[in-house]
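The data blocks that follow each hold one structure.
First chain A sits with chain B, and in the next complex the same chain sits with chain C.
So, the complex of A and B:
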């Protein structure tokens, strides 16, 4: 088991983490390239930049958005705060960064980490529940929308068990292995699924806006595609 | 066809991603982190493949240029552009590959800055530089044909280049002849290191003739590969003619090689049952004899499979010839073998992949192949009115795919790199070897009452000596030893109960564990703590709290309970070495530090306690080191000569605790 654990914490982690970093960088580069491309071809280059900036900031700090679907919004907000704070500021993780790369930053108390971890697991289940039981959301959902919240909950649940070995019915090393490998899997999945919104979020408003600035002559392209060339609209 | 191209490009981008990471590591961390090269193996895979084979593989450029422009075989003009592009990219790959191999890459300009005109390598360097320029000029008209470059000034450059085509071709042929052969001349400097089956004073002739054959084979192989990749029809008849020409050149090459061996009287070496002889025949068979015979047959030349197979044999065989001369048949010191690291191979493969991507880019955007050879044009995707996707993401589909596989390759490369390549040089571990026990004789020498001499050395046997046992310490097995008089130290420290003075900490149920059982590395700190075994013994998860108190922060070794809190019996009270304040944490310093710390500290203490009685030099290095000549020790046996044993049986020898190691 120790050899498997060393593999998961060693090469497998390095691969997943580098894939995550480079994959997110790739998203940034591709987005910039595509935005420039669409901007060059756009028929209408008047962009409401102030409005876009405001909308982007409002989505990044989504407190004002809570009024639409309050409970769903609140669950989502708590979920996001928990899954961002705990992995980065857990004392054990900070110690790993210090040991591996000599980087160090303050950690949160273990009791706070415990509470946030449990909240992350609970909110993940709630998010999934709201997706399953709300007909409107369900019809908009893809497979990854159902699969990702429980997957995100796995490293948190196993992490909690590792912090409280007295309550852990499973073998410690096995729990550790599942913890590391599930996190590795999430790292790899991040650039490939909607998890990439962690880096693409700031550009979403701009991309959505640009998508409506059709290229010159795109109307006739649509006409050609529909086989209704030359017909009056 | 398009799917095949996409698949090939995807694979090439994966290799290019690996190359990207390895390039960064090579130039940030140096050759030691990325190669298996050493001071005794200063050149290896990169020189053999990137330079030696790379230059030869790019020989198609000058062979086809000569065929078309000098010998006036206009029918072969269709091969000229791809062959010149292949040659240009090949030479560019050689230059790039050389940058990786040179310890100080900017020294690639030294042949120009500090010309050594007697040197063969100077000639090779100048020829390669000039020929790379010539190839660029030969190929640039193809670039200037692009519709976007139709400007008046560029058109004048284009016309000027077309006018100098013939001089350029002639320059290219002259330069190629010079350096293709000079790559062989390089090895004339090492006639006794290159195996006689490969060494020849006419190595330069063999290199040139084999390069001509290889050039023809590369044009054939490249044509078939491009045809397969881009969906062209290969010009089988013309390629068959090239194959027949290659066959003639190969027969010439084989005759020259065997004739040269026969003339120098070395042919019998090839007929002896040795590994080198087998390698010689295998290489000559694959590179020349087999394809030459195959290409003589009209049936083989009529079919694509036969032609491509023969060309592939020549290409692989001739790369093998370069490898044999450069690495395999080149003698190296026996205990310093060289085998390339995976990073060396991956860099070479990555450079080839990058060159192929540039080739495909040129074929897709320029008129490398005559237009009639191109397959049906790809239909333009119709915009799908149901979604805005083609308006937004369509143009980025290819960059999306290829950048993703490049990221995948890069991440794989980082994960597979050795730790030294990522985090700088790591000190290699040096496991400690235990001491050896020898018979010795205790004599009075130079006023010292109980010096030891080795009993097995007849010249130093003293008749009045007492037999004793000694420990010969050489924990890193480098031949420099310390002869340690264990018995005398036991006696001086207070007899049988004194073990713990030095054996300050012991394994469970042991009373004199050897130094090396904890200080297991010669120089580095060793970890004596086994977490998994403690988890098992302490009752699994419930036992965590026995060492980790569950307080704030991470569960680290520093904050866990000290080892001696539970294992109090492991420590010996009154030992010279005291446990460190704060308790033991399972880390043991390197063997050298441990032994020096113990011996020197104790000697210094004794000198301070008995200043008149003991010489002040007792704590000096020479007290223990430098008394035994390693060359002499190697000739001695471990036991005393028989007459010494008989002369005086050791009194109370059985009572002396044997060295536990």
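So, the complex of A and C:
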């Protein structure tokens, strides 16, 4: 078991984390390239930058955006806060980064981390519940939409059990292994699934606006490409 | 199709036997459009991030009215996004080879044709999408591609044909009839208000060249008289061009190729008359098309001025003298989606109305969160679907109007006006009148104080 755990915490983690970083970097690079490409060709280069910035910030910090679907919005918001704060600011994780790369930042108290961890698991279950029991949402959902919330909950549930060995009915090493491997799996999945929104989110408002800015003569260029220039209306 | 022959019935796959060229043509058009326009950047992002949270369902008035899951914006957009993913991304191509994934066939095209014309492209859902997915843009693009395989509502094509290959405007009004109409409106103003309000035609070098929805010349003379009166009392420099006096651009609803040709005709007329600005009458989609002019004409396109903005500025500068008595009836304002959704024109009409009305009330929701009249995206011109438009799509609007108790609804948009009149008729609101903003303003202008020879 120790060998497996060492593998999960060593090469498997390094691979998944590098995959995550490179994958996200690819998204950023592609988006930046596309934005530059579209803007360079556009006939109209005036963008409502103030409005775009405002919309982007409103959605990045969506506390004011809860009116429609209030309970869903609130669950989603709490879920996101928890899953962002705990992995980054848990004392145990901070210590790992300090040991591995010599980087260090303040940690949150373990009691707070416990509460947020439980909230993360509860909200993940609620999100899945809302997806399953709301007719509209269910009819839209793909496999990844059902699978991701429980998958995200796994590292949090196992992490909680590791912090409280007295309550853990399973073997500590096994729990540890599942904890690390489920996180590794999520790192790999992030650039490949809708989880990529963690990096694409800030660009979506800009992208939606830019898509309305076409090159001059785009219509006739399409007509030429399709051999329809002379065609009657 | 189930067939009955003797004892045994069997099922015949007629669709499978029918081979048409449409899927191939659709994909060819898709490829060409992706290459020569900018839609790719949005499709690429939407195909990657879409969270399928269905928050858009809570804001879509079509889904609220029908309760049919196919009307959820995110689900509708998926019809096009899956084509994009399958044929234009590596992941999709790989998936298709591994799992016999979705393939574009005639049935898929028919489904898109149906669903993308149920949506009015009002873009209300964009405001509630965490990722800002612009389902209106997806609808716009899908209709463009459908048009390239010959799927367009007849009403839209007929109008555009008249404009591009016929008389030169969507209502088929010849230049001579335009002159007559303007003369008539001039006389009408003289008779009713005692004011000598000119309708300048083909004046070279005017600052503004006027492009109303051309149907106003037939259906909304009061709006036009109001427009002319405002230009008169403010001393504005403007002209109507006989070469092209139609602001309508149904290309916006189904084809960028047509939209470009119509926009270029607008640009050509402004150049011919050596004008400087495009002054758009009371019309939502005409205003939005005019805002898109630089897309087609480049950076030196003439700037577009919406009439509401012109009037508001003039009023704020004290250039429009108003009578003391205001409109007594309770009135409310409908925000046309194409003006208000992106927050571009919301306050100007309210300021004007508050200046001329004794009892102005808001409908809720309003401004950028307004409900569509129900006839957006060109669907208002399709008479065959009136029952769907007014009773389903228009129901939210009818309820809103009823809740205000107003007997006057101001809608500065030719399409909204037609639709709202029908919505009121079909929803038991016969006593509600739908009018343009300049119709009312006209009644309140003090021509005497303006230095004209007013009766009063």
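Going forward, the second predicted complex is superposed on the first by the 204 of 233 C-alpha atoms of A that agree within 3 Å, B and C clash if a C-alpha of one lies under 4 Å from a C-alpha of the other, contacts with A are read in each partner's own complex, and residues count from 1 in each chain.
Throughout what follows, contacts are C-beta pairs under 8 Å (C-beta built on N, C-alpha and C of every residue); 3 or more make two chains touch, one makes a residue touch a chain.
These figures come from a predicted structure and were not determined experimentally.
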| item | value |
| --- | --- |
| Touching partner for A:165 - first (chain B), second (chain C), both, neither | first |
| Touching partner for A:137 - first (chain B), second (chain C), both, neither | second |
| Touch count on chain A, higher of chain B and chain C | C |
| Partner chain(s) touched by A:15 [first = chain B, second = chain C, both, neither] | first |
| First, second, both or neither for A:62, with chain B first and chain C second | second |
| Partner chain in contact with A:226 - chain B first, chain C second, else both or neither | both |
| Partner chain in contact with A:218 - chain B first, chain C second, else both or neither | both |
| Partner chain in contact with A:205 - chain B first, chain C second, else both or neither | second |
| Chain B versus chain C as contact partner of A:34, first or second or both or neither | both |
| Chain B and chain C footprints on chain A, overlapping residues | 30, 34, 37-38, 207, 210-212, 214-215, 218, 221-222, 225-226 |
| Touch list for chain A against partner chain B, complex | 1-2, 11-12, 14-16, 18-19, 22-23, 26, 29-30, 33-34, 37-38, 91-92, 94-95, 107, 109-110, 165-166, 168, 171-173, 191, 207, 210-212, 214-215, 218, 221-222, 224-226 |
| Residues of chain B defined as touching chain A within the complex | 382-385, 388, 391-393, 395-396, 399-400, 403-404, 407-408, 410-412, 414-416, 532, 535, 540-542, 544-545, 552-556 |
| Chain A-touching residues of chain C, taken from the complex the two chains share | 28-29, 32-33, 35-45, 48-55, 57-59, 63, 69, 72, 74-75, 78, 126, 128, 130-134, 137, 148, 157, 160-161, 164-165, 255-261, 292, 294-299, 301, 342-343 |
| Residue ranges of chain A in contact with chain C within the complex | 27, 30-31, 34-35, 37-38, 41-46, 48, 51, 55, 59, 62, 65, 68-69, 72-73, 76, 134-137, 139-142, 145, 194, 196-197, 200-201, 203-205, 207-208, 210-223, 225-226, 228, 232-233 |
